[in-house]
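Okay, so here's the structure we're looking at.
Chain nomenclature is as follows: A, B, C and D, assigned in order of appearance, with residue numbering initiated at 1 for each chain independently.
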Amino acid sequence: MIEENKPILSVKNLSVAFRTGNAVVDAVRDISFDLYPGETLAILGESGSGKSVSASAIMGILDSPPGFLRSGKVVLDGVDILRQTRAERRRLMGKSIAMIFQDTLAHLNPVYSVGWQIAESFRTHLNLAKNEANDRAVRLLEQVGIPNAVRRAGDFPHQFSGGQRQRVMIAMALALEPKILIADEPTTALDVTVQAKILDLLIEMRNQRDMGLIMITHDLGVAAEVADRILVMNDGEIVEHGVVSQIYANPKHSYTQKLLGAIPGLGNYRETQHDASKESATPLLRVEDLTKHYITEKSLFSRREREIVKACNNVNFDLYQGETLGIVGESGSGKTTVVNMLLKLIEPTSGSAQFKGEDIFTMQGQSLLNLRRQVQAVFQDPYASLNPRMSVLDIISEPWVIHSDVVEKRDYKDRVVELLQNVGMLPDHAERYPHEFSGGQRQRIAIARALALQPQIIVCDEAVSALDVSVQSQIIELLAKLRDERGLSYLFIAHDLPVVKELADRVIVMKAGEIVERGAVDKIFEHPQHAYTIELLAANPIADPEQVADRRRRRGIKQ
Amino acid sequence: MNKMKNIVGATLLALPLSLVFAEGKIVTVVLSEEPDVIDPCEASRSNIGRVVKQNIAETLIEIDPTDGSITPRLATEWEQVDELTWNFTLREGVMFHDGAEFNAETAVTAINRALNPTQDCEIRLKFFGNINVMPKAIDATTLEIKTDTPQPILPTLMGTMVIASPNTQAEKGTMNPVGTGPYQFVKWDAGQEIVLERFDGYWGDQPEAEGARFIWRTESAVRSAMVKTGEADIAPNIALQDATDENTDFSYFNSETSRLRIDMTQAPLDDLRIRKAMNYAIDRDALIGSLFSEDVVPMTQIVVPSINGHNTDLTPWPYDPAKAKELIAAAKADGVPVDNEIVVLGRIGMYPNATEVAEAMAAMLAEVGLNVKLSMIEVAEWIDIFTKPYAEDRGPVLQASQHDNNNGDAVFSVFFKYACEGPQSTMCDEEVDKGITAASAAVGDERREIWQQVFKRLHEEIVPDVQMFHMVGFSRVNPRINFTPSISTNSEVQIGQVTFK
Amino acid sequence: MRQFLARRIFHSLISLVGLLVLVFFLARLTGNPGDLYLPLDSSIETRQAFTEKHGYDDPAYIQFGRYVRDLLSGDMGESVRKKRPALEIVLEAIPVTLMLAASAMFLALVGAVIVGARAAYRPGGVFDRVASISSLVSASAPDFWIAITAIIVFSVHLQWLPTSGLGGPIYWIMPVCVLLIRPFGLLVQVVRSSMLTVLSAAYIKTARAKGVKEKSIVFVHALRNAMIPVITVAGDQAAAMANGAVIVETIFGWPGIGKLMIDSIVQRDFAVVQAAILVTAFVILSINIVVDLTYAVLDPRIRKRS
Amino acid sequence: MTSRLTESVAVQPKVQRSVGLWTMLWNDKFAFVSFLFLVVMVFLAVFGPWLLEQPATKLNLRLRNAPPFSLDNGWLYFLGADALGRSMIARLIVASQNTLLVAASAVAVSLIIGGALGILAGYFNGRFSTVIMRFADIIMSFPSLLIAVVVLYIFEPKVANLVLVLSITRLPVYMRTARAEVLEIRERQFIAAAKTLGASHSRLITRHIAPLVVPTLTTIATLEFAFVMLAESSLSFLGIGIQPPEITWGLMVAQGRNYLQSAWWLSFFPGLMIMFSALALNLLSGWTRIALDPVQRWRLEITNQQAS
């Protein structure tokens, strides 16, 4: 793929810094790379590695202030675009070089129709008339695979699904046939099956137009899937770069090695402890025919009638002492609805759930309080699940304030320190506030809080989804350790399969509110039965370039 | 937003693109507030009177406010037939604006309308509240008026009676006043202006001004500015601090008298020495020319010199704080509870600097050692406290008040303020009551002398007031016209008297 | 849409009824109108006769029943002072206030958007500093003081503008300017802070990455998103104005509803007070509904919810 | 799902208290001056009346409307004298007590009551919320003047009653804001987390929701502070505000307006005080908002040398 011609984009010694307080923090340090036509360059790194900041600097959309360019050149067509005037620069943006982003809901203007936003490129750069611009926008939408493009062009971003929105974004970026496309984590927020399709689309578009594609990602699988060359960034510097096959087969830098080692789903299955004798025992939690239906609100302006949405339909499962049950499903599968009902955050439409034989949906007062003590939860977003105004000590000791008979007030401090150490944190972290911690640390705090009441069940609702891979594996390790030490049972919710592989005993796969497949973890991974399970497994990007070509072929994509 | 733009645009287009300046021979008068109604039977209310009285509709008799004397207007002469009956000879050849003829019949209709109890006309409520009036047409030009009680000053009373056209609806107020005056009503744009034009069929001399506009602005500063800029010709009532231009601003006694009413029933105010001490405590000279105009005159009695019955022999209280302290000490020695808290009750907005005046009065009274507290209250509450029935637990109160009598005779004041039965009286003195009864039945010099005796007793022996001033009013007049505001400007603005320079 | 409107109107009606009851009884706590209407020297008998005639001696709930009965037949009562139907008086006054408020609000909004957006574009810059300080000053100046000063300066000394009154466009300049000065200051602040938030939004980056012109970024991409809090505050300000641009009306002699209301309250002309409050409340509740609809027009996401 | 771990946040050092509040205050000169002004104002409001009672109330008609900027009559008369010859300086200082007291208490009362009602309405979204919001509607469309007249007629025009009037009329602002905030906050994950711990309603409201609403409400409160001072002065203008012998800046402006032509300083200086106080509060609150916001803080942490 790498053609021996001139690069279309050369980044030379780029350094970007941010002002904070009286200090200046370097976000990107002296990075250089070239991009050639028709190739995909992946910039791989975890949060804080500086990969997105460099992209912003190239695009001239750095948050400035506080960010500013320290040095460097970005040469496009022989011109250093960093030295251009604003007007000159603006003429290039969107036309020669375009960008797509991760959070499409935030990156599309919520108050204008998608057609309008795509057409804007034509109006701005080509001075096309409104009608012609709109027509071309519709054609673009068709090209990126939006059905009913004529009608959908008039819809607003929030009316599209995540995957469709990313297609819209791509259409918008490709409107003026740029030579370079920068994709900043374009699939990170998407379900795996959708992710696969978007990646395919990007490859297809690149091939059609002979574009240079810079793919910024934290996901080793995604990088393996699409990239020709890879740059690995850590702490603002490029630590390694090279051709894909070489990096994956032979990582030189320790950081790259560490990353590759943390990829989920590479380890072994758990030595399953549940056996036939246990099957006959009373389950800790028994869920029967759990169902939740929503009636949609009538829309303010349209005449659409109310509809019933079946968020979750006749779900059955048991959870036994010491066992980990994985529930896997993509967005809209109803997995979170199940969790929320079990945590009594929402009311079920019908069905029952018994905790040690007692129906939790009828519980009130003291018995409910007892249930709360036995069933704890760890949520997905560690930035949101901790009250920003409470110190770690307050957060972890809150369960004891509510359940006042568990720990004496004067012992709070000691016990919090103990718990912090259990989850791998330091005693003096107790006095700090959530915003002072990283995502992984916060999730540890959340786990410590869940442990405070010594519950029997911990519900982990996407507890590791928001974390970087290396952190993810640490948290999973921690959870496994705690389970084994304390005999906990986990209800472990995830949106893709690899993360449950090493932790779960049994797995339930959900789709559109129903359970489509269930079974022991090894059975699900090795011998999936249901088509959807197979699709899920296939869609998951594999961090092994050798397998990628093979898988692509299976999905019918030309290389 | 577009809609808003349209509304604004349409409005701007709809309005004429010109500044309305007072020009031509139209006189523009800027009042302090919009008249509520302009019914002739309400003409005793000052802003209504300024529009209606003697402009649109006239009275049978005109009172000269400078000395209380009466002169003919629609009636040419009058005589008392017996104790209860008066005959008025009416002017001939007088027409109403609507073509009706003015004669005894139509006069009877007008009087009956004004006194009709289904309407709350102020003329009835204010002047004829307790009198039963029976008018009758003897012939075309002779009007007989009988009353149920003797009314020795009935002609003066009739000076308040404004004659409306017989075609005016009897049971309801009118928005379209029709009278015999030199100007006839043209229109009233609610909230904006009232327009009058000269009436060609007027019985008297044709006035110079071709018409009149009445407008209104609440702020005195704005009213005076309007005359200054030429937007108005006459601003009948401006504040002392706005009357800064000698060439345009007139001051005149406005028949108002300002005082603190002493509640004589409450200790320590029931003690004569305390009441005297309070009068000694006020430095009237210091107030003149500062908070009050240089033209105000310290009062000695509640009526102004032009009123029949005024006693010119009385002398104002001097400022003598030492004497005041002495009197208080003496009262204290006799066990009078001089330390009781005395409330000076001011009325918000009574006149432009009423608050400062009340503050000053309170400060001066405190200076001689009285325990004084100032309290400013809203008009409704003020009236409630001022009039009978009084609250049981009211405590010693000095209530700032202003009394206006421009109707020629002391009877309009004394009974209400000082009789045992007076609705705003806090005193009961047999001798004063006797005087009131005697004076009310008397006429001429005798009447005047009795009133003068009453005032002497009140001033020297009873001291029911902390006396302040006979007040002056200020009016600003555009130099392009000749018009001399006077005491009567308080109740009327005769456009007919205006001439142009 | 229709359902949403119906519900809003229903809620507004409930508020109106609540308001009505409150106003009626509160007004009757302020004393007898007769005391104020009748000459000071009236006898006790005259006072009693007046009170009985107008039914002020009945218990308040009976008066209220009478009022409700009349109201249901479309009669809002007659002004004691003006001896005309209260509703007629109110309907004469309200257009003046509405036009005054609408012009002031329109200009304040347009001015605030231009100034606020410009200030937010370079936060901390010279324009921003000047705009922030002067908008704060204009939001915290006593309006009657400004009004009278303006008359003295512009009418008396410079003789550029008429002192007061209702007339052609030049009569509008001072009242509208005095009226808009506070909402303008406030709105500049709101536009500025709202624009600051929006200009750091992700979709603004997208637009820049597309090469959209800065002017278009500020006034097309950002502005519409920033308008929701602005419209909220503008709506509140408009409501407050409808409730009486009392001071401006008083000083400039504009026969508006605010002046009418304060006069009738001081004079205890209950029928007018009630009618005026009812009519202004109607206007205010309508403004609220219009504001809600504006949200939906501005932001398609709100159309979904209700 | 995994969206919000954006890098720009992560770039910031995790623990950072390198720059103290005082330094940040010093760095923003406007905020610093505002702070000094308010400290002096509060000091004067507390101790001024006690020291200057006499010159503020003593009648001295000789100095009536004495013009400002002259030391002939002593420093107390440097800003001139009012219509009764009382020192403007003394009166301004004595009036500051009532003015700040009225504004602060009115703001505090409506903040607490309105905030509490709004929080409850947001938390128990439903019928209760509807009732509260209709109540807010009613107050919004109620002329504050009528409330003022009612209170003035039934009670005395005392400071406490004025506070009552002003706070009632400003309730809806806090009610609506608090409700809107709570509607958003109660969907956050830490609320769900607290629920799963078994937290009661009262705990959720007092420990988890209220602390997050309070900063927004206090920001509004500083803006309202100026509004309340002006509203108080408007009531005085219409003659239904606070009454002598009590004084406030608003009353001084209202009384002084009669003398605008002859003695402008009577209303100019108190008007200036209102404006300065409002300005100072707003500047300081703007500063506080930034200083407490980790994303914006850097603006204040940059010293002047760096900025240039």
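One rule holds for everything that comes next: a contact is a pair of C-beta atoms (placed from the backbone, for glycine too) under 8 Å apart; a residue touches a chain by one contact, two chains touch by 3 or more.
Note that the structure is predicted; figures quoted are calculated from it, not measured.
> In the touch network of chains, how many steps separate chain A from chain D on the shortest route?
When the steps are counted carefully, the minimum from chain A to chain D is 1.
> Between B-D and C-D, which chain pair is linked by the larger number of C-beta contacts?
C-D
> Measuring from the mean C-alpha position of chain B to the mean C-alpha position of chain D, what distance in angstrom results?
About 45 Å, centre to centre.
> Counting only Cα atoms for the centres, state how far chain C is from chain D in Å.
22
> How far is the middle of chain A from the middle of chain B, if each middle is the mean of its Cα atoms, in Å?
Computed from C-alpha means, the inter-chain centre distance equals 85 Å.
> Would you mind pulling out the distance in Å between where the CA atoms of chain B average out and where those of chain C do?
So the centroids are 37 Å from each other.
> At which residue positions does chain C touch at least two other chains?
30-31, 148, 152, 250, 266
> Two or more other chains in contact with one residue: find those residues in chain A.
If we look for residues of chain A contacting two or more partner chains, we find 63, 103, 106.
> Which chain D residues sit where two or more other chains touch them?
Within chain D, the residues that touch at least two other chains are 149, 153, 257, 260-261, 299.
> What part of chain A is in contact with chain D in the complex they form?
That would be residues 18-23, 25, 27, 47-53, 63, 65-67, 102-103, 106, 188-189, 331, 340, 343-345, 368-369, 372-373, 375-377, 379-381, 383-390, 398-399, 401-403, 432, 435-439, 446, 449, 453, 462, 465-468, 495 of chain A.
> For a test of understanding, state which residues of chain C touch chain D in their complex under the given definition.
It is residues 11-12, 14-15, 18-19, 22-23, 26-27, 29-31, 123-124, 132-133, 136-137, 139-145, 148-149, 152, 182, 186, 189, 236, 239, 243-244, 246-247, 250, 261-262, 265-266, 273, 277, 280-281, 284-285, 288 of chain C that touch chain D.
> Please output the residues of chain C touching chain A within their complex, sorted ascending.
For this pair, the touching residues of chain C are 1, 3-4, 200-203, 205-214, 216, 221, 224-225, 296, 298-306.
> Which stretch or stretches of chain B touch chain D in the complex?
Contact set of chain B toward chain D: 220-221, 239, 241-242, 244, 286-287, 290-291, 346, 348-349, 352-353, 355-356, 358-360, 362-364, 367, 373-378, 380-381.
> Touching chain C in the complex: which residues of chain A?
Touching chain C: residues 56, 59-61, 63, 86, 90-95, 98-99, 101, 103, 106-113, 120-121, 124-125, 156, 158-159, 169, 172, 297-301 of chain A.
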